[in-house]
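Next come two complexes built around chain A: one with chain B, the other with chain C.
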Partner chain A sequence: MADSHVIECTGLSKQYGSRQALDGLDLHVPKGSIFGFLGRNGAGKTTTIKILLGMVSPTGGSGRVFGLPVDNPASSVDIRRRTGFVSEEKDLYDGMSVAQLIDFTARCYPRWRRDLQEQYVRSFELPLDAGVKTLSRGTRTKLALLLAFCRGAELLVLDEPTSGLDPVVADEVLQQLVGHVAREDTTIFFSSHQLAEIDQIADRIGIVHRGRMMLAGVLDDLRQDFRRVQAVFEHDAPALTSSAPGIVRVRRQGRVLSVTANGNVDAIVAEAHGLGAVAVDVTAMPLKDMFLEIVAGEN
Partner chain B sequence: MLWHKAWMDTRWRFLTGGLVLLLSAMGTVFSFQLVAGSALSIGAVPQDGGLVSQAIREAVDLSRTFRGFVWLNAFSQNLTQLGVLFAVLLGSGGLRTEAAGTLYTLSLPFSRGALMSTRAATGLLELVALTMLPPLAIVALAPAVGERYPVVEALVHGMCLFAGTAVFFSLTFWLSTLFSDPWRPGLIAFGVATVIGLCESLLFRSVAWGLFHVTSAESYFRGAGVPWLGLLVAGAASAALLQRAIAAVERQDY
Partner chain C sequence: MLLRPNPASGVPIYLQLMEQVKHGVETGALKPGDQLPGIRPLAEELVVNPNTVAKAYRELEHEGVIELRQGAGAFVTASARPVRAEAMRAAQSILGAAIEKLRQRGVADDEIRRMFEAQLAAQPGTGAHRG
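Let's look at the complex of A and B:
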């Protein structure tokens, strides 16, 4: 593996019967990053995560975590030993108490961090004697995070970590995630369809749609490069003839030609002027608009 | 840790089974004098050659001795039927049918082979306890009704009971890898047990290697020795079913 990448997938595919869940997904997650894996419901986020952790076998392509192949059972055990995972359903053992589940999990991981355990039990205010089954959604999520954090994991894989949480608890969880990365040498790969939370904590993003990676990169760079160019013409807007790289989507509506671009904005502005635009306006795009443009463009 | 988890998952089924089987064994021992007294007071049963009267005649004859009464009531009926019931219950609830925690289990640093082997081994050890304790309880309780029951005989019956019920444990264990609900594997296993039981009692009464024939150790009781061939066949069937279950789970998507 390239030393700098914890996760590397190339052309990853998964077919369930006639349904193509992943369709040649490319994914590269650098070490130490907080990678937000963004996509609509059913886009392929959970399938990707399950493949990375050896719960699902890919039907094509290759995937590596820590340089180890994800489809090799022995390597997969090693990957899971070094990875903390929180599932979307916060799937835990309902028959155990909080203390029993923590103790059980601690015994499975030789690098278990007792110091972090005590710290998070306090800060999350976890009721140790309570049955896991009786926990609220928020407390259950906090317990799942504790169990992932304390494994001494080099990689945290979180599938929709804040789903079903109220905004206060969701924000608390996100702050804990950021705090954990700041203190520990950990990479976080988390999936979500909550654009605001990805915007809040991720430094890199990948947008997956229909099983394919549509856009990936450093979030600040994408914010810098992604622009909406709106050109107003005297009469009906002409068609844009340019095949300039970076054009994501072009729309014509009466006198207005609207172009969504990922870089190469100057060339697009120049072409709009060349076509006789009377006014050209370039605006930055928030993550939400980037996502909607990419997903809507594909649809 | 996997042993602990497997034990936590099955302990109530095991403890309930242990209690029920022990109560059944105790019931057999303490009802002997009452039933034996009645059997002795019954005169000769008419020998009309019918299946029913033949069965009644044999039951009355067997009930005249403690050894015969224990075999008839415990090993050929109650313990066999209850043993199959709890073997099926212990075998159900595989990775797919876990009510909660399947993904959590799969995220732990253990291979699926290790997860399944530990579950199978735990279930089989529990089944050993369930099938060996009642015969030994009969040995221990027999003096309380003025009788004796040989330890070796109890151990042989326990071994046969284990080998026979282990087939149904393994069958359910394998079926649990094919269905995502906890009910169908158990129901199918009970259906298979019923069909085998009916076939053996109606069509193949004298087949020495029949599964229930082996489970009840009938040939041993009648003096023909330990049914080694039947034990071997039952053991091989169990091993094959468990191996299939482990192989199935290693290929599955969750």
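Let's look at the complex of A and C:
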């Protein structure tokens, strides 16, 4: 498993004083995937990223990147060398010009890809002579991505890569991410609040809530299996008698029984008919609705 | 030729891509021997995950619609067209007649759509219906 998974965490926990930031998080990111990491503010996304990069130590569980333990100082250096990280703030040295910053960064990485650098300077239309601190948010993001792309990283960890970008620039960034994964042997792990973006380019997702992984899987499988079943009854809706695997949430309101399920929809529909439902509807759920159900179902 | 899939439709993206290719074959937009775009350029063009495009191509090959030739790309097979096109025409007329009847009885289109989904879920198929 360690060979095929770039990131493997089991039961990862992190306690800050009395606050449990992570509470037994499991995370498995296969090589070559674009993994969308979703969660509300404070759900544990940033803590997870910091642990992966060795910036904080977990208080429990185990985490490995490239098969190397994240809480060992020596292996953590190796992990960071092979990983490109773009923070939400897009921290860059403001005192330099774009060209100076690129040259400066290139000298730090022996595997720097001059060919990619030239390609991305062109496709991102980066103003080489401009001061980094004068750049717009979009251009700043593109520069941060270029620096991460060109260092020959096997893993890119992106924290909210498109936050604050206009839709045109955001789409351009997504296109470059997809292109980069397609051409280079890279895995992308990115957190975002932009569910539509994750929906578009991720092949796998994980939804974290209160420090635990609530739902993880192949996004196309979830699209196929996640359904809302709504059954209407003559009188007050009865309770479901079975507890079919895959049931995420059940609500009864008057004559209506709503069941959100991840798979096993056939069995639930059959049971609703068996209970005497007069009408049964099944609707597909976009990622946004899956997210809301998972997160709201816990409250 | 292929369009950007709609991720929010609830239909898996690889299935949407497969449908587009099959539709292309059925309408004659894609002819036997035609070459499809490579996985990487197509992923970039449509801004979808390359693994997802690869899965769609694998499934299309499995169904005999396309043929993957090592290093050369994906090609529409010679046998892709006839069987499927006829079956689809028949299916379209059955479905068309059913929809027409329902409309005549005053059932709205979005109700038809929901009932269709529910009915599909209520009548588990023989296995060929899942990708």
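The criterion applied here is as follows: the second predicted complex is superposed on the first by the 298 of 299 C-alpha atoms of A that agree within 3 Å, B and C clash if a C-alpha of one lies under 4 Å from a C-alpha of the other, contacts with A are read in each partner's own complex, and residues count from 1 in each chain.
Following the convention adopted for this analysis, contacts are C-beta pairs under 8 Å (C-beta built on N, C-alpha and C of every residue); 3 or more make two chains touch, one makes a residue touch a chain.
All values reported here derive from a predicted model rather than from experimental measurement.
With chain A as the common reference, the superposed partners chain B and chain C fit together side by side. Of the two partner chains placed by superposition, A:Val6 touches none, neither chain B nor chain C. Once the two complexes are overlaid on the shared chain, A:Met55 sits against chain B while remaining clear of chain C.
In the superposition on chain A, contact of A:Ile201 is made with chain C only, not with chain B. When the two complexes are superposed, the chain touching more residues of chain A, out of chain B and chain C, is C.
Of the two partner chains, chain B is the only one that A:Cys108 touches; chain C does not reach it. Of the two partner chains placed by superposition, only chain C is touched by A:Asp221; chain B is not. When the two structures are aligned on the shared chain, A:Met213 is found in touch with neither chain B nor chain C. In the superposition on chain A, A:Val265 makes contact with chain C only, while chain B stays out of contact range.
Within the superposed three-chain model, A:Ile247 lies out of touch with both chain B and chain C [touch as defined at top].
After the superposition on chain A, the angle chain B-chain A-chain C between C-alpha centres rounds to 150°, nearest 10.
For the pair chain B and chain C, the minimum alpha-carbon spacing after aligning on chain A is 26 Å. Chain A makes touch with chain C in their complex at residues 32-34, 171, 174-175, 178-179, 181-183, 196, 199-203, 219-221, 223-224, 226-227, 229, 265-266, 269-270, 273, 280-288.
Those residues of chain C that touch chain A in the complex are listed here as 7-15, 39-40, 43-44, 47-52, 55, 114-115, 117-118, 120-122, 124, 130-131.
Considering their complex, residues 16, 50, 53-57, 73-74, 76-78, 80-81, 83, 85, 87, 89, 91-96, 104-105, 107-109, 133 of chain A touch chain B. Those residues of chain B whose C-beta lies close enough to touch chain A in the complex are 1, 4-5, 8-9, 99-104, 106-113, 250-251, 253-254.
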